[in-house]
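Each of the two complexes below includes chain A, the first together with chain B, the second together with chain C.
Right, the complex of A and B next:
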């Protein structure tokens, strides 16, 4: 049901060797920088840069394409609906009763394509960002970056429990099916599934209490402890300069572009 | 589809989303004890898993949103939980965007807080309509309102971003009418269930 994102953390590539703290910050900054762009050419260049990063990270493209498929399905309505309008201005293409369907023109198609590319680029960058180190090391890096401790703790715990609980729900679903339960559009389906989910909540709530006491008795004090120590070497800074440099470059390009336009 | 992807909303909108989320997070995290972390995380994970379950509704199937449920069970701590769930969804599932985590948390978290206050007020009313009926009724209202408000917020944000999003905003609102109904039934049933089975899980005491 849910596949882990860090299954390719064991590979070896420059991105894998990059210090997780700098990696997370740099790529995060890059994503924000790309989302601020409203220029199709620069957005396409950014996408190529993201593809290069993925290529260097050696994460198989098939793995990423499988995930991109869903994002594409989500943004597809924008591509289909955005260029057309029933109330706005545009060239008329069809008339059904009192409703006229207008085409907004080639600019709106470009705008829709840009939205789709931006959404896909941001998702693609997630993989070199957190798919190249083990999740517990990424969490440790977040703690080192002085994110609020409670948030990092919640992230780490939630991440672990998602897999436990989705397995438990799958078992529950199987036992429902084996008793002849079928999903349909009726109140019975909703209430049955609701009660199954409610049981899952109660079970996990009680389990959480037991786990917490067990952890307390083993000395848990709200901190991540791993054997991993972070060290910064010259190549860490080199990658940071390249990625952050690109993030700054596209913004400078926008700035120069607007200057030329005026 | 209550959570919006990257690159659609205007930058000032998702920027202010981060500011509002940071402010509410700072307040709610202060109220939260480190001892709460394991319990809250498990509930967050359960909300995450349950939000992946598809329930048939008419011709389509809907995914539960569960923000109303979060408000009913967690009180104001629903806000950090929804934030974590959205971070997980963006990074593990690539549902919703990264720059939009802030605004998405506002869209789902603020209605969750409102539904918590509605539920709390409803419990104080002490309507004598029978055992558990009170929880079911106000659970359903809270669950429905949480989704309705979230969808409205999203639609308004799309409209503010640009006139060309009018048709998209309309589609989003229409597509969520079955979700609001399913979510209301869901939250009502679950509130009634918890009132009998595990009343301490409801937020009344918080």
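Right, the complex of A and C next:
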């Protein structure tokens, strides 16, 4: 049985076979590089590159789109607000009381579109980055990359106990329902659920203490070590060169463009 | 050599409630002991003192494991000596994969890779979970989780194994499997300390019982403790069902001096009685039968009536 978070980790694709350490570093570098871009054309090219990566990884687009939907809702205000703010003076198109609405030209629309595409592309890249290896292997990769041990442990424990907590909350909700509680859009629902969640936090605190006791009982002295070992093969480096190469390419293109512009 | 020595141990929770008061007992190496007591008697608190996780200024000198006092600063060295299996398996399985969870303890003991792998394999084999290394702990069933939690402790090959309610909330098959695992461990000559409310499992697992209710109320061979039914009922505990049945049979004139504690004991007892009675067991109703039965039954139903 696999957990939902690892649902596509068992597929077979070049991205799945890529060493998780190099994969995390390369794609993270690519995301970083895309975040630094302020050129719509290059951002669109990057998005196409990301789509190709997702296609190679065989993670269904429907799955990714379902999750990008929420990101889109989050960045949607940029599309609405940015064209009327930020760049230049703009031309007045409406006046409501003391508030004037200035349209700042096609550049500002481009700017807004670019921000939205950058956000969507970055989030899209997360899927081939962590969705193509089992979560525990990714954690081991992070540890191998010398990420602070405490940070990796925090991630690993969050991952492990999110299921326990969601299960506890489900049990709690069932117990509420079986005693006649009905969810609605009223204050009673909010206070009841708030209380339930507060109790869940207290319970999780107590469980954290018990887990800590169990770890101490098993000789834990501050560091988690595991037995997994990674091996690097030529194709790992090839994929790294391609992805990192693209990340560098777009930056060079920006730099070149700036040179030409001057 | 004593495996566990507890001398005048006391512990008070931060809210001022006394959890343990003047607890003293000694368990020899190779002994298997059941620790029983009502809810809130301090059993789990006592368990956490055995490897130094809970400690207080007064408790430090009170607990000795394998003839060495428990130093709270050296808790990480304790797993070699005493392994503790917690009541809730979810507290014990915290790694992404079961294999990692079982390897966690041995790695912390500083063993080399081959040895860790051997321990993981052996421990999973002992609990009947061979091939579960790559399973995700939170997707195991309740019984599997309990056995997995046991494996994580067995992998450290501790001299003493202490368990908190190993058979609670298990289906009959899982319960039986767990009892068998513990019996095998016991046969290896290891020291066992089992906290349990499962009185029917005690005769199979422990030859000695310690009754705790903040302090040690009784301590002796399993048979002696279970023959003191008044004391057990008084603090809210029970005796095995088989024992209760034979007590009723006595009222029907069944000749039985020593009440059996388990099915095995009952079979032996019945066989011996029949062999002495020309292949028959004679039961009859006499003038004291009904009053005897009602007094025997009342004794065990007292739990409820007393509080009414």
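The definition used in the following text is that the second predicted complex is superposed on the first by the 219 of 262 C-alpha atoms of A that agree within 3 Å, B and C clash if a C-alpha of one lies under 4 Å from a C-alpha of the other, contacts with A are read in each partner's own complex, and residues count from 1 in each chain.
Everything below uses one rule, namely that a residue touches a chain if its C-beta (ideal position, glycine included) is under 8 Å from a C-beta of that chain, and two chains touch if they have at least 3 such contacts.
Note that the structure is a prediction, hence the values are computed from the model and not measured.
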{"item": "First (chain B), second (chain C), both or neither touched by A:207", "value": "both"}
{"item": "More chain A residues in contact [chain B versus chain C]", "value": "B"}
{"item": "Chain B versus chain C as contact partner of A:194, first or second or both or neither", "value": "first"}
{"item": "Touching partner for A:157 - first (chain B), second (chain C), both, neither", "value": "both"}
{"item": "Which superposed partner A:232 touches (first chain B, second chain C, both, neither)", "value": "neither"}
{"item": "Partner chain in contact with A:139 - chain B first, chain C second, else both or neither", "value": "second"}
{"item": "Which superposed partner A:218 touches (first chain B, second chain C, both, neither)", "value": "second"}
{"item": "Contact residues common to both interfaces of chain A (with chain B and with chain C)", "value": "1-2, 157, 159-161, 164, 207, 211, 215"}
{"item": "Contacting residues of chain B [partner chain A, same complex]", "value": "1, 5-8, 11, 14, 25, 29, 32, 34-35, 37-46, 48-50, 52-58, 73, 80-81, 83-85, 87-88, 90-95, 97-99, 163-168, 171, 182, 185-186, 189-190, 193-194, 197-198, 201"}
{"item": "Residue ranges of chain A touching chain B (in the complex, touch as defined)", "value": "1-2, 4-5, 28, 31-32, 34-36, 67-68, 70-71, 74-75, 77-78, 81-82, 84-88, 104, 108, 111, 114-115, 118-119, 122-123, 126, 130, 148-151, 153-155, 157-162, 164-166, 169, 183-185, 187, 189-191, 193-195, 197-198, 200-202, 204-205, 207-209, 211-212, 215, 222"}
{"item": "Chain A-facing residues of chain C, complex", "value": "48, 51, 53, 75-79, 83-84, 86, 88, 90-92, 94-97, 99-100, 103-105, 107-109, 113, 116-117, 135-139, 152-153, 156"}
{"item": "Of all residues in chain A, those that touch chain C in their complex", "value": "1-3, 134-136, 139, 156-157, 159-161, 163-164, 207, 210-211, 213-221, 224-228"}
